[in-house]
Amino acid sequence: MATIRMNCDYLEGAHPNILNRLIKTNYDQTIPYGLDEITAGAKEKIKKACECPDGEVFFMVGGTQTNATMLDFILDKAEGVISADTGHISVHEAGAVEYCGRKVITIPAVNGKLSPASVRAYMESFYEDATWFHMVCPGGIYISHPSEYGTLYTAQELKELREICDKYDMQLYLDGARLGYALACEDTDVTLPVIAKYCDSFCIGGTKIGALFGEAAVFTNKKQAKHFITFIKQHGALLAKGRMLGIQFDELFENDLYLQLGNHANTLALKIKKAFAEKGYEIYVDAPSNQQFFLVTKEKLDEINRTVAVDDWGPVEGGKHLIRVTTSWATTEEAVDLLISLL
Amino acid sequence: MATIRMNCDYLEGAHPNILNRLIKTNYDQTIPYGLDEITAGAKEKIKKACECPDGEVFFMVGGTQTNATMLDFILDKAEGVISADTGHISVHEAGAVEYCGRKVITIPAVNGKLSPASVRAYMESFYEDATWFHMVCPGGIYISHPSEYGTLYTAQELKELREICDKYDMQLYLDGARLGYALACEDTDVTLPVIAKYCDSFCIGGTKIGALFGEAAVFTNKKQAKHFITFIKQHGALLAKGRMLGIQFDELFENDLYLQLGNHANTLALKIKKAFAEKGYEIYVDAPSNQQFFLVTKEKLDEINRTVAVDDWGPVEGGKHLIRVTTSWATTEEAVDLLISLL
Amino acid sequence: MATIRMNCDYLEGAHPNILNRLIKTNYDQTIPYGLDEITAGAKEKIKKACECPDGEVFFMVGGTQTNATMLDFILDKAEGVISADTGHISVHEAGAVEYCGRKVITIPAVNGKLSPASVRAYMESFYEDATWFHMVCPGGIYISHPSEYGTLYTAQELKELREICDKYDMQLYLDGARLGYALACEDTDVTLPVIAKYCDSFCIGGTKIGALFGEAAVFTNKKQAKHFITFIKQHGALLAKGRMLGIQFDELFENDLYLQLGNHANTLALKIKKAFAEKGYEIYVDAPSNQQFFLVTKEKLDEINRTVAVDDWGPVEGGKHLIRVTTSWATTEEAVDLLISLL
Amino acid sequence: MATIRMNCDYLEGAHPNILNRLIKTNYDQTIPYGLDEITAGAKEKIKKACECPDGEVFFMVGGTQTNATMLDFILDKAEGVISADTGHISVHEAGAVEYCGRKVITIPAVNGKLSPASVRAYMESFYEDATWFHMVCPGGIYISHPSEYGTLYTAQELKELREICDKYDMQLYLDGARLGYALACEDTDVTLPVIAKYCDSFCIGGTKIGALFGEAAVFTNKKQAKHFITFIKQHGALLAKGRMLGIQFDELFENDLYLQLGNHANTLALKIKKAFAEKGYEIYVDAPSNQQFFLVTKEKLDEINRTVAVDDWGPVEGGKHLIRVTTSWATTEEAVDLLISLL
């Protein structure tokens, strides 16, 4: 058994700032369901970071929960959502979106991303098809940033997706389960205000970047959020002791802790990437954030796994295994060096 | 505008036998909801034709309705259904299956068919994947016979799909919206008893083969159908004057009318196919039943459509248009000759 | 066994005008899914009868299907629908509305009707309750006209329900499964234009008044109906040979046939009511249309049922049985006289 | 504003044992989704406490989530669930059960409880009704213990409900959101093994008795739980860092902490009840656990609320307000004395 795990980024508990705040507030009595003042403060911090004063923020517990609840809410009657075929909602959310009655319309991804050109082509052919009213109306676009392959959209790509949405009256939703890692990348021009400018709604993940749990769901226009709290409850997603979510995001958005944690993980991830490259391993996709993808032989994979657990995505063409190595807010330099020593 | 239509097989009303029976029974008073004696008789005829005495038959109005109601009923908790990516439920049922909360899991089709090998490969990789419990459980297999491209399964293929279902505790469901045309093909070894032997449930279409409307849903084991009538009602699919469905199927299964109508349409379809081939048109897929697929230039398509409406499936690689020509129980020899004269 | 049935109004086939039209048009080839010209004509007749030029009409097959599809469509996120506790959607639709994820919020009925005062009281207390956001938002009001007890709303009552809907941003939906019988009542001030004036949407039943099947769903403002045809398909409610519905409503709205049939049935129903009263039977509710409710002893019920089947609603307080006697477009004077002779 | 709150039992954070364990384990790396060893240990403790070795335990985050996910899972096709009309699922869960397509069939409650006699009467009349197949099949019974009015079932009542379930092939589900307080009551004969004996499944609440969040869902027969983890995920209810739930229940079930906390709250609640009685206030319902219900004038309510927040359930007949006073694991003797001093 490996003694150290780098196979995912939600293995540890919470960042100490969060734990300390939980301890400090433990005996406070606050009204439930996220209507307390701590939660209100956290919402304000997020709106400010997004430069989105007319927006509205809600907190939910988990990523699948947030995606399904948000998509089901923003889609209109008879509508489904377009996603990359590798998109998390299409593959690894156990059909949660479909459970809400919504089809996930898949388009082949390129390195985990949905290209504006492919969406544009889909939309054009959709309404040219005389049988279109027998098909689920594409009412929204789901993108994950970073994608499931660690890749990032550019501001230009978001702008183009926005234009498609405007043309066809669709919603643009960004799944930011690992958004902190994306925002902290050096060469990205996608900031929170850029996301808020181009997307109708998005989520900011806490679970994978230092929170015990929690995702912030952001509507860039609060008018869209009517009765959303009831809708959250109806989806079983309203936390009784809501301040637990408020506390965590209040800490993550204090002094840019969110970005600091992202930066920490990214720096270590790039160190790993560099080491794999120098040792001659094939880099599967050029990812700038905390998830890195390499091809290794089965023998090497087994050898690595004896000391450091990495994520095996199975054999690809040629027989080598695709592995994912993930750093997090909690990963130490020592762990990284140990992994590198195994290459 | 074309004066004759061969673009689909549900353009006319009903076969005269059905109309006459409607007229003859018009003032009879029968108890509603399909509990009448005419309907009971029709069910018995179908069970006999299927050599399936322990089965149970229900009638519903439309194809999408039947597929969605049946699949939602036979699938277990957390389960979705495997379908060819060209399958009717995946493309042209407006997300009716997903509306019931069920994911349609698509596998690339070959000429509209789902190959047993591709399903086997999917199932093997599914349970080898350590993350399988984050994915929708494949609980059933949906096939359409004939497929959306007019192709047929063989008895051997049904047997293999059955074996996969047995191995993984899955349901095999056959969508027979155009089943009459398939059964009447000359070179098929798939009969109703063969279908009843290998499938857990299937439907026999009436709408496209001489009924005003109506599909027969067959469970090969009546034990599986507990509370299905309530379930039908819950899905808005229980016809008040149920005998209308009973009458239609009682006529279709009287003296093999069902097969006679299929045979009529197939004969004409094959005449069309032969003519296209002789004139040098490319046959897109080698289909033995009432739907035929050809490649023609846009100019030729427009020319044909001025006299006989055919179905334009759009341009394919190379620029020619894929067209579907459909015969039905009501198609006349004259109409076919007219079409051929245009080639 | 009774030789004549007066237990419900959908025992026979169709009015001869409808049958004749089916025969006459049988070999016509029309485009499917209700996009044909006959259906277009029927829609225009209905819009004209409703004095509702900006409305939009769709046809579906059955009553439960229409109610569930319409309510699911007009309700917004997190919303449910208010209904009398005796309302058809609450009792006898097998949970079809709930199957669409919508709670039916029940309020005690008075003779089958929802009083405006009771709805007003519900709404006032709802928003006074600090926990309201933990409860399903009342987004619409469902009324059946005539009600399940044969009673009618007045124009004044519809106006008051409209005012409540305006105040709380709710939809008013009228289930007119037996609307023809209501419209034909002598002392009603509720006409189709009155309904169209006060309701956002409603349905006009065909099944129970001379059609083989079919309900017309009317939106009084076509803007509300965006993508409704896809939604109908998604709910399994889009008839392939759509002209079958168009034909039936085109005939029902030709020369006020709809009202003539209603008037015929009502006249016979009132004759029955008078006879029961004269013979000293207790009239359970004072209903003006084709459903009549009486109290009889179990012995009398059994005696009647030997000759004329009536509907037994079970014993009420005091031990007598509540029975429903229903006339229809097809009921004959002879049948009525036979029933009266048994009293 | 009141400085002390006794209006509900989920105002504070977590019991110190839980907080300490979170701190102690914070940097441990455990596999996600509740597959870790801490969670496994907690499950074993619960199964042992329930004397239910063949059972299976899952953890979810919230009460509404747990009820909806469990009920949707245990109910069969076309089935709904019987509940007291005051039941939490019927009133205050925002239609979460209906959102899953399941009707909540309500029966009038007596002091928050569903009497076996009333359920028996409902079931008998249900299947006597010839139209039963047009109605949602009652497939399960939901009870809350303690009820929303703080009352408890007896072992005899559970036994009778079990017998009804056996007779009609129904599931008995117990919502134990406040179960710890019920189990700790002095005069109850309902223990965890008794619950496990009579119910098919139930939940044990953590949120309201010392956890940050969390409910344990127990199936008394693990065979029933096939694919439940995927189902949880599909309902958005699978916590990524699953050990957070394991830790909390492992602590709650260590040395009967669960019962100790219940006992603490109950003792204080009974002290409050005694004081209200001695001061001449009307006790609305005779409740033995941590929720107490009294009638007070509006003036008195306002006076109390200035110092100690209590829960106002609105005016009842006679004009007095029904208030709920709730103690919890965290309530202090000083707070109770302060409240009493206000009477």
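Worth a mention:
The first chain written gets the first letter, and so on, giving A, B, C and D; residue counts start at 1 in each chain.
Just so it is clear, a residue touches a chain if its C-beta (ideal position, glycine included) is under 8 Å from a C-beta of that chain, and two chains touch if they have at least 3 such contacts.
Every value quoted in this text rests on a predicted model; they were computed, and no experiment measured them.
Same interface as B-C, judged by over half of the contact pairs sharing residue numbers, among the pairs C-D, A-C or A-D: A-D.
Chain pair with the larger contact count among A-B and A-D is A-D, by C-beta pairs in contact.
Each chain's centre was taken as the mean of its CA atoms, and the one lying most distant from subunit A is C. Between subunit B and subunit D, the centres computed from C-alpha atoms are 49 Å apart. The distance from the centre of subunit A to the centre of subunit B, with each centre set as the mean of the Cα atoms, comes to 41 Å.
Each chain gets a centre from the mean of its Cα atoms; for subunit A and subunit D, those two points are 34 Å apart.
Among all residues of subunit C, those that touch two or more other chains are 78, 93-95, 99, 101, 133-136, 230-231, 233-234.
Touching subunit D in their complex are the following residues of subunit B: 73, 76-79, 101, 133-137, 226-231, 233-234. Only residues 4-5, 8, 10-14, 16, 19, 22-23, 25-32, 61-66, 68-69, 93-96, 99, 207-208, 212-213, 230-231, 233-241, 244, 330 of subunit C touch subunit B when the two sit together in their complex. Within the complex formed with subunit A, the subunit B residues making contact are 78, 80, 91-95, 98-104, 128-131, 133-136, 312, 314.
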